[in-house]
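Per-chain residue numbering starts at 1, and chain names A, B, C and D are given in the order in which the chains are listed.
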């Protein structure tokens, strides 16, 4: 795999925590690569498995689902659903021939702009190491 | 009503009053050591002796126990009285030669040296029994009593051993006139958050609060503690505050209660707390009574405080040098990284106060002088003109010298070298931080907190008083450190936001809600249990789920879960999101 | 033990109890029995016991004392009776059988039994 | 119930020395066939305690002293069978050494007037029957059935009876004040907390005639009104008094003389014995009442008299046991009879304990107003060894010392106070010329230092300070200025102390300073103890003219400080001598002198 591989990562961010953290990171002029493509959802619980799969199909090399910390959900319990769904989905991914490491769930609160940068950079590194998701090939 | 003549002056007494009470009420001075107005008279020290002339017979009697009967003639300063008091004070001074209160009283009667010296000059107890009576009559713990008799008499718990009966209320140490009782705190802490110095269980939390109302700390209050400890068996301990409160304002039966109020908006203005400088040992806080925090300096300097506003050292002297250290706990990677914003200005004010009230030299160790507000810079200049020595550089360490002096070490960044000054008093300008229970408040209102622990506003620039929870606003230092003008402005803004919301009388909800396509809905009810707002109900006759738009907050959890794909989140429909995904991934 | 319910009962009890400590209370009558070896040999003890029994029977308050030999051994048992300031009357050769009359005449009736008298001593 | 005896042997003052005496006697009586004829009674104190066991034989009044079990066969043979006195057991006149066989003839008794103590030693104190037989509870029945409470109080007032505990407050007035104080519940207390060293009048009375006290209290309770409970406070060091009182109370209850409906009159009263807790100060009225209440026996301020607010805050009549025991006498014989004894202001008789340097140590009862000379020389038999009387200490530790020059002082409340002492409960300690008055003052203060409760500062600290000064003087370290300091201290302690103990504590100092100032001066200026007591100031030496060289002192000296050949004059080595005084005590020739 080439050094010039630039992974395309779709990050689902909840409106209240992670999206705000990303915003703050931006306001704070924190350096981050452009590989992360943000999709704002109201709650991480809005992210259905189908949508993640459609994202991979649409050509993403990795998917990040980010929401509030457990207990901090703006909708009380939306992220509890996410916390159940995403691990299940990871099992399903390998069945579908996609390395489960390409999907990650992370909790980033609105106050954690540095953590947002850290999590995304770390994920970019992981995906960069995994290489591009080759369509139709079982990994 | 009885009429008496005291030192030639006619005075009146109520039924049941003693001669001492009447005399003191009329301004006659009678010395006492074993008397306390809240305790039964005891008549042990005999200092309050007066000459009582009744039916032509003159006798020396203790005024604290003698009933103020009609027709008595009292002489409080006749030669036999003075002579007897002098002899008694001589005896007491011989017993306790090193007790200041005895020394002073004895001096009033012309006695400077103990006339009958004893072997142990360190004795402090004069056996006045105040502690014993307090423990018995008020605290009702009956821990202290006398043992032995005569000159061997002593005060202590049974067998002079530590006893669980002692609740450690410290009342005995407070009534003791000679400081003979010390309290050893095995479990420190209950006095920790109180104003400077030992405090009672009833205190005024903020000296300049309006109304200035004291509170009872039920964890420290003898009455409450005895009641709790004995499960109500001793329900009437102490109560001194009730006895002395002329307004009858003390009500022990008042209970904490939960008041439920229906409101449309909430302003969170929970403020801040002072950071505890004992966490950084280099400042030696707690190792010398003359190392105080800025807040403690405020208590000291307050005209209503314990020194009536005089700035004094613990031993009562005036300080000759005072150091003020900025940024204690602020701008520090080992404590709080943020700037507490208010310290520079209050430190300057305190430097000004020291200069104003004493002749002490003042040294300010500062990192940067943040005189950012209106008129602040001018004040900074004025303080400099007052002769305050400004040392640019963090005050790094405070050392308590053997003679009690305090050595402040730091770097003078301007000179580029280490400096130290020896001072009498150090004021630590400590950081302010979010209250220790901010996380509970946050959970209650669904608030986020910034890295610094303060509550996060909805947007750092555009929405400084709103939160992510509709109808909940922030005011003051709950949001971030603020000085008074900033707090007032911020609070005003929060109030206007709340008022604006209330003025509308109705709320506009987000259009981003979920809707069920009833054609597709299979009636599986998966969504119903998922909804945190019970916004989805099942319609039996149509065998479909339906969303109440007023309740739905639009989180979309149900959308993601619907097996039939029958629910859509408006403005966040699958199609829209997928379009976005495809859009962003279209970038090559 | 009896519970006293009235002053009268107390008085009755007292009268009854008084006898027991008679020897310790003041009395004007003293009966003295000669108890020297000679007296005992002549039967003075029996006489004395008879006197005690008789006094008890008649409820008479009198002290009974003993003395040693007074030298009239041939007249033993000797019994002296003295009442108040009256002269002391000494009876001789008294036997228990004579005691009843002696007590009755002398103490109860105040009649000296002249035929048994051996001497009178004033004071 | 006792039987009618021709003779009763009344045995007193056994003091536990010869527990087998009475059994031996009873055996001997049985052996000689005298059972039923002769009774043996263990009776209360007869006063001549130093000569106990004593035996009084009734009728007749033969009186034996120091009776021992070995004397029994002879005693029974001679006295009970033959009616003869055993002269060697008779009382020996201390001056003439003549034997006195009969009770009435003993001067010790003949000068006494025994009213309160009359039955003491005459009856068995554990038998209510004997008490009733000698006329006990007659006063009670008279008072309850024929007199109103007011009449009783009037009678007691008229008798002039004053408190026998020492202060001498009029008993009648006290009762009246108690009666007049509002209260549904009132109390009566008998003070039997006798604490003065060398005094045992109250103990003898409580042990020997407990019913007299009880009878007096029932009468008093009836007179005062609303008294349903009364207490007898007895010091715990008197176990026999406690047990005899309890037996007496139980008997009185059984006979219906105590408890509910006494003698069918409808009057109720119960009396309980409260045992003291071993503190001298508990004899002080307010401390005593604290102690009865179950609190620490400490005095409290007495601006309200106990007659107003006493025990548990209720009106209380608190009298000495001797005072109570006088009541039946007054009721039986009348106030006039009672008042015919004594002086103008001190009526009746008073018991005293003679102790110290006197021949007849013991318990006496004399009419008030008798002179000290009569007490000491006629009753007491004078000073042993023909020594000279120096002073008499009356009133217990807090009384005062009366010098020999005041020997003709009448013994009554007011005269004693005038002479700088007080009646107290009746202790009299006789001191001869070998007594150092400074040392005596020091001794009493030492006692008071131990016994001060320590509550109030003048008493607690003042006694300590005075004691230190006195100790200094007896050690030859005194200064003349000390005397003035002592006087100032004494005055303040006297006027400023809380209770009677403190107020009277300086009396030993004040009275010795007043009457024996020269002895103080001798200690201070000349560094000499005239009486030869204060060790730091004396030296023992052998008077050469008198020493016969018997060697007794040499053998007895614990330090081996005496040397000398047989039949030659001995010498004491002052360097080794510890001034114990044994040589002086053992020398038969008065050859050891003190300088």
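General observations
FYI, a contact is a pair of C-beta atoms (placed from the backbone, for glycine too) under 8 Å apart; a residue touches a chain by one contact, two chains touch by 3 or more.
Note that the structure is predicted; figures quoted are calculated from it, not measured.
Distances between chain centres, each the mean of the C-alpha atoms, put A farthest from chain D.
With each centre defined as the average position of its C-alpha atoms, the distance from chain B to chain C rounds to 101 Å. Averaged Cα coordinates give chain A a centre that lies 48 Å from the centre of chain B. Remark: chain A and chain C have CA centroids separated by 136 Å (rounded to whole angstrom). Here the CA centre of chain C is 40 Å from the CA centre of chain D.
Chain contacts: chain A has no residue touching two or more partner chains.
Among all residues of chain C, none touch two or more other chains.
Taken residue by residue, chain B touches two or more other chains at no position, since every residue touches fewer. Interchain contacts link the chains end to end along an open line, per the touch definition above.
Here the touching chains pair up as A-B, B-D, C-D.
Across the complex, chain B meets chain A through its residues 443, 446, 448-451, 456, 460-461, 468-469, 512, 530, 532-533, 553-557, 559-561, 569, 572, 574, 577-578, 580-582, 584-585, 587. If you check the complex, the residues on chain C that touch chain D are 1-7, 9-11, 13-14, 17-25, 27, 30, 32, 35-36, 40, 45, 48-49, 52, 56, 63-68. Within the complex formed with chain C, the residues of chain D that make contact are 1-8, 10, 33, 37, 39, 58-60, 80-84, 122-123, 129-130, 132-135, 137-138, 141, 144-145, 251, 254-257, 263-264. On chain B, the positions that touch chain D within their shared complex are 41-46, 49, 59-62, 65-67, 80, 83-84, 87-88, 91-92, 94-95, 115-116, 126-127, 129, 145-146, 148-153. Those residues of chain A whose C-beta lies close enough to touch chain B in the complex are 8, 10, 16-17, 20, 24, 27, 37, 39, 41-43, 45-51, 54-55, 58-60, 71-72, 74-78, 81, 85, 109-112, 114.
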